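Two complexes, one shared chain (subunit A), two partners (subunit B, subunit C).
== the complex of A and B ==
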C-alpha cells in the first residue's frame, strides 16, 4: 500500500509537469528530427522520406546558411564581449555609495522589460529617421551613415540594440554577486597596500567567475537564437547580410516552403549551439575559485 | 489515497461534462463557417458582414480570422493546416500558393458567378480546366506620380519610354524636387514588383518562364532584361537618399509631403494618399523596360488574392453560397465597391468613386495596355532571392550583369 501511495503521489506531483514537457518540448523536438529526413512543404498531409538528402543539400549547396552562421558568430562574439564588459562596469559603479544608484539601476534594467519586436521597431525608427535628422543638423559623420542600409551599419545596429537591451539584466546579476563578496578581503588587501587595479584583477575578478559563467552562458544562448529583434530591425536585410541562423531557418521553412530542410538546419544548429555552450560552461567553470 | 481517488473522479466528471456539452453544440442547427483573410484594414467591415449575413442565412455563423499587415499570413495559414485546423474559406495570393495547397482546393467551375469574372482574372487559377478560386478585385501598380509637380516642372506628356522618363526626371530635378522615391528596403517593392516588369514584358511570359525552367533560355542573355538596366539605373540616379532603408511607409510619406514626384507603388495606396491630402492630383504611369512604346507603355494588372474553399470542410455548400452572395447580392457588391474601394474583377459589378490612380489603371486596361503579374507564378522563395540580388546591385556591391547571373542561378536552384 505504501508503495502504491508513493508512486501515486509521485505521479501526482511530477505528472502534470511531465505531460506539458512531453507535449510542448519533447514531442515537437523529436518530430522535428523526423521532419529533417523528409521533403515536406508544410501543408501536404504526408511528408516524403528522403533520408540524408536534406543534410547533403545544406552542406553542398546552401552557401547562405553558412553566411548566416558566420554572421551569427560575429554578432555573438561582439555582443558577448560588449554586454559583459559594460554590465560589469555599470555594476562596479552602481555598488558605490552614489545617491542616485537606486533609480539608475532601474533605468538600466528597464529596456529588458520591453518586448523584442517592439524594441526593434522603435530602434529602427531611431536609427533610420532619428540618426538621419541628427546627421542633417550636426553634420556628424557617424549619424550621416546609411544606418541599417549597409551590411556594416546593419551589423552594428543590431549589436547596439542587443547590448542596450541586455546590459541591464546582466548588471543586476553582477551587482548581486559583487555585493556578496566579503568586504573583509578587500579591506585586508587595502591595508596591505594593494592598488585598486590589483584588488580588481586579483580579488574581485576571480571571485566573480561564477557570475561571469552565468552571464556568458545567458548572452551566448540569447544571441545564438536571436530572432525577434533582428526580424523587426532589419529582417535580415539589406540583401540578407544580417540574417541570423534563426531567421535563415525561418525563411527556409516558411518562405521557401522547405520544412524538411528547415528542420534539418535546426537540428545541425542545435548540435552546434549545444556543443559551444557546453564547452563555454566547462571552460569558465574551471576558472571559478572559492574562498 | 482516498483524496487522490476523489481527485481523479472529479477530473473524470468534469472532462465528461465538457465532452457532453461539445456534443450538444455540434447537434444544433447553426453551422460554423470559418473564413481566413489577410486584409487587416477591413476588420471592421468584415464584422459588419458577419452581422448582416446572420439575417440573410440564419443557419450559418461566420467566424472571421484576420492575419496580415506585414505579418506572415501565409505562415499562419500553413500552420493552421499543419495543425489540422484549416479554415473553410481562405485566401491564396496566386497560383504558386494554390499549388502548395492543391490537395485542399475545391472546384468552383460550376458556380453561377463564373461567367462574369474577367477572363484575365480567371486564367491564373485554372488548373486542368477547373477554376479553383474566386477573385474579388484587380490591382495594378507602376509609378504613382504627382500631377501638380509634373505640370510645374514642365512635363506635359506622360513618359512612355525610358528616354522620355529620363527627360522628365531631369526636368523635375531641375525644378528642385527629387524625381523618384525608391522603397528598395521592401522586398516586395524591389524583388517582386520591380523585377516582375522585365518578366511580364516578354512576348509570352508563361513560355519564357517554362523555357527558364527547362534551361532553354537564360535571364542573362535576354534583351529586355538587359535594356531594363537603364530604367533601374535611372531610378537610383534620380532617387532619394538611402533607398535601402526606405520602406513603403517612408516612401509614401516622401510622396505625400511632395518631396518626391514619383513612387513605385500601386492603387492599394490610393486611399492613404487621399486621406493624407484630399485634393491630391495623382495618376499612374507604367514602368518602361526599353524605348519601344509598344512594349513599354503597359501597366501590370493582376488579382491580388483568390478565395478558395477547403475540400475537407464539412460546410462546403454553405461556403459556396456565401461567396456567391458577396458578388451577386446588392449588399455584397456594396462592400466590394464602396467599403473596400475595389476595382471589381467582375463585368457585372459597376465601380464608382474611384480616384486618379484607379481611373488611370482602368484606362490602360480598357486599351489593352496591360502585362500580367508574373511573380504569382514564380517558385517559392524567388522574391526573397531576387530582392537580395537587386539590393546588392543598388548598394553597388555587384554589377548589373552579375545581378542577372545571380538571378539566373536562383531560378535554376529554385525551379528544381
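== the complex of A and C ==
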C-alpha cells in the first residue's frame, strides 16, 4: 500500500467518528476547563478571565452545591446496596426450575426500557395519589406520609424509582454470571457437608466478584449522573433537598446563566466522578477470585 | 449450575418472586387504570377499576402532545442516529484493532476516558459549539451531537468483539485480491453481526429515552421527541392527571412494544454490553 493510499484509508475509517468525537466531546471538555476560570454569563458573550475566583466562591459561599453532593452520595450508596442485593436474590431464584421464570424476568426488566422522565412522572402520581388511596384502604402509616412533601420522603421516593428501574438490568447480568459458575465446586462442597449459607458466602459470592464489579460500576454511573428521573419526580424539591449534582449544575448554568461557575462545578464533579470510578474498579477487582 | 431440584425451599422462593413481580407491575396498573377514568374519579379512589371508560383522555392526550408528530420525530432521530453510529463505529473500531499505532492507541484511550466523563462536564461548552454551528432547533444538529456523544460506547463494544474475530478470513480475502473496503464490507461486517444487533438495541434505547440533549437543543414544539413532549405537557398542565396519565401510557407504549417483540435481543444485548473489555 502506498503512503497516500494508506493515509486516505485511515482518514476514511477513523475520520468521521474522530471528527464528531473531537467536536462534541473533546473540544467542549477542554474549553470547559478554560471556562471554569472565567466569568461568563451568556452563550454569545465573551468570557472574562477571573482566575480561581469561581472555585473560591463555590467552596466559600455555595453550601447548596455541597448539600447536593451529600444528597447524591447518600442516594447513590443506598441505591447501590438495595439494587444489588435485590438483583442478586432475584437472579439466584430465577435460575431455579420455576415455571414462571421467563415472564418474571420480563416483568423485572420492563421498567428499564422506559425513559427516565416518564418513570419520574409515573411515580409522582403513584407516590402522591396512589399511596394516598392505599393508605386510606389499608390504614398503614407508611402510605399516609406526605410523600415527596418532605426531604426524607423525597429521598426515599427517588431511591424507590431508581431501584425499580435498575434491578432488572442487574438481574440479567447476575443470571448470566451464575449460570456460568462451575457445578463441580458446589457439588464437592455439598459432599463435604457445606450448608446452603456456607456455599453462598464461601463459594458463590467470592466467585461473583467480577459480576458485582460490573454491576456496582453500572449503578454508580447511573445514580451519580441522575438527572431526568429526579427532575420529573421532585425537580429537586422540597426546598432543594433532593437536588442532585447534575441538577445543581444544570440550574446554575441554564436557570441562572452562570456559565463560568457552572463550568467550575462540572470540573469538580468530573474529578470526583473519575476518582471514585477508578477507586471503585480497583477495589472490587482486587477482591475478584479466579478459578 | 446452582439450580436445585424442586422442593419446598424453591416453592417459597417462587412465591416471593411472584409477589415481588406483582409489586413491580403495580405502577403500571395504577397508571393504566387511572388513565381511563374521568378526573374526579381519579382523585376519589386511585386504586379502583374505572366505572366508566373515559377514552376521551386519550384523544385529548394525542391532540395535546401532537403524538403522531413527536412519535415520528423520535423514530427519525433514533433510526438515523443508530444507523450512522453502527457504520462509523464499526469502521473506527475495526481500524483501531487491525492497525495498531500511536494514533489509534491514543484514540481508543480517549474514547474510554470519555465513557466515564459525565455529560454535565461537557454540557455547558457543548451548548456554545451547538449554537455556533447552528445546530439549535434542527434534527440534524441533534443527530450529529449523538454521533459524537455515543461513539465512545459504540467503539468500546465493537472493539472488544472484533479483537476476538480471527484474522485468517481477512487474510484469505486479501490474498484473493479484495481491497480494504471490500474486506470490511463483505467479510468483517457479516462476522460482527451479533455485536451490531447489541449496539443497535442498546443505542436505540439510550437515544429514544434521552431527555437532556433534546431539551437543550430542540425548543421548537414541532421538533420535540416523546420524552420532551411529555415533559412540556406536564409543565403546562400540572396535576391534570386524567390527560397526563393517558399521555404517559402513550409515551411508554412504543418502547414497551419494541421491548416485548425483541426481548430476546434486548436481554442478549444487555448481557454482552456489560462484559468488561
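Throughout what follows, the second predicted complex is superposed on the first by the 281 of 291 C-alpha atoms of A that agree within 3 Å, B and C clash if a C-alpha of one lies under 4 Å from a C-alpha of the other, contacts with A are read in each partner's own complex, and residues count from 1 in each chain.
Here is the rule we use: contacts are C-beta pairs under 8 Å (C-beta built on N, C-alpha and C of every residue); 3 or more make two chains touch, one makes a residue touch a chain.
This is a predicted model, so every value here is computed, not measured.
Of the two partner chains, subunit B is the only one that A:41 touches; subunit C does not reach it. Applying the stated contact rule after C-alpha superposition, one finds that A:132 touches each of subunit B and subunit C. Put simply, more of the residues of subunit A are touched by C, taking subunit B and subunit C as the two choices. Judged by the touch definition given at the top, the superposed model places A:239 against subunit B, while subunit C stays out of reach.
Of the two partner chains placed around the shared chain by superposition, subunit C is the only one that A:274 touches, whereas subunit B remains out of contact.
Of the two partner chains, neither subunit B nor subunit C is touched by A:78. When the two complexes are overlaid on their common chain A, residue A:146 makes contact with subunit B while staying clear of subunit C. Put simply, subunit A uses residues 9, 12, 43-44, 129, 132, 254 to touch subunit B in one complex and subunit C in the other. Partner subunit A is touched in their complex by these residues of subunit B: 1, 4, 7, 72, 74-75, 78-79, 81-82, 100-101, 103-104, 185, 187, 241-245, 250, 380-381, 383-384, 387-389, 391-392, 395, 397, 413-414. Contacts from subunit A toward subunit B in the complex involve residues 1, 4-5, 8-9, 12, 41-45, 61, 128-129, 132, 146-150, 235, 237-240, 251, 254-258. Contact residues of subunit C toward subunit A in the complex are 1-6, 10, 13-14, 16-18, 20-21, 24-28, 30-31, 34, 42-43, 45-47, 88-89, 91-92, 94-96, 99, 103-104, 107, 110-111, 114, 116-129, 131, 144-145, 147-149, 151-152, 155, 180, 184, 205, 208-212, 216, 226-227, 230-231, 234, 241, 244-245, 248, 251-252, 255-256, 258-260, 263, 266-267, 270-271, 274-276. Here subunit A touches subunit C in the complex through residues 9-10, 12-14, 16-18, 20-29, 31-32, 35, 43-44, 86, 90, 92-98, 100, 104-111, 113-118, 121-123, 125-126, 129-130, 132-134, 137, 164, 169, 172-173, 176, 178-179, 181, 183, 186, 204, 210, 213-214, 218, 221, 224-225, 227-228, 231-232, 245-246, 249-250, 253-254, 259, 262-263, 266-267, 269-270, 273-274, 277, going by the rule given at the top.
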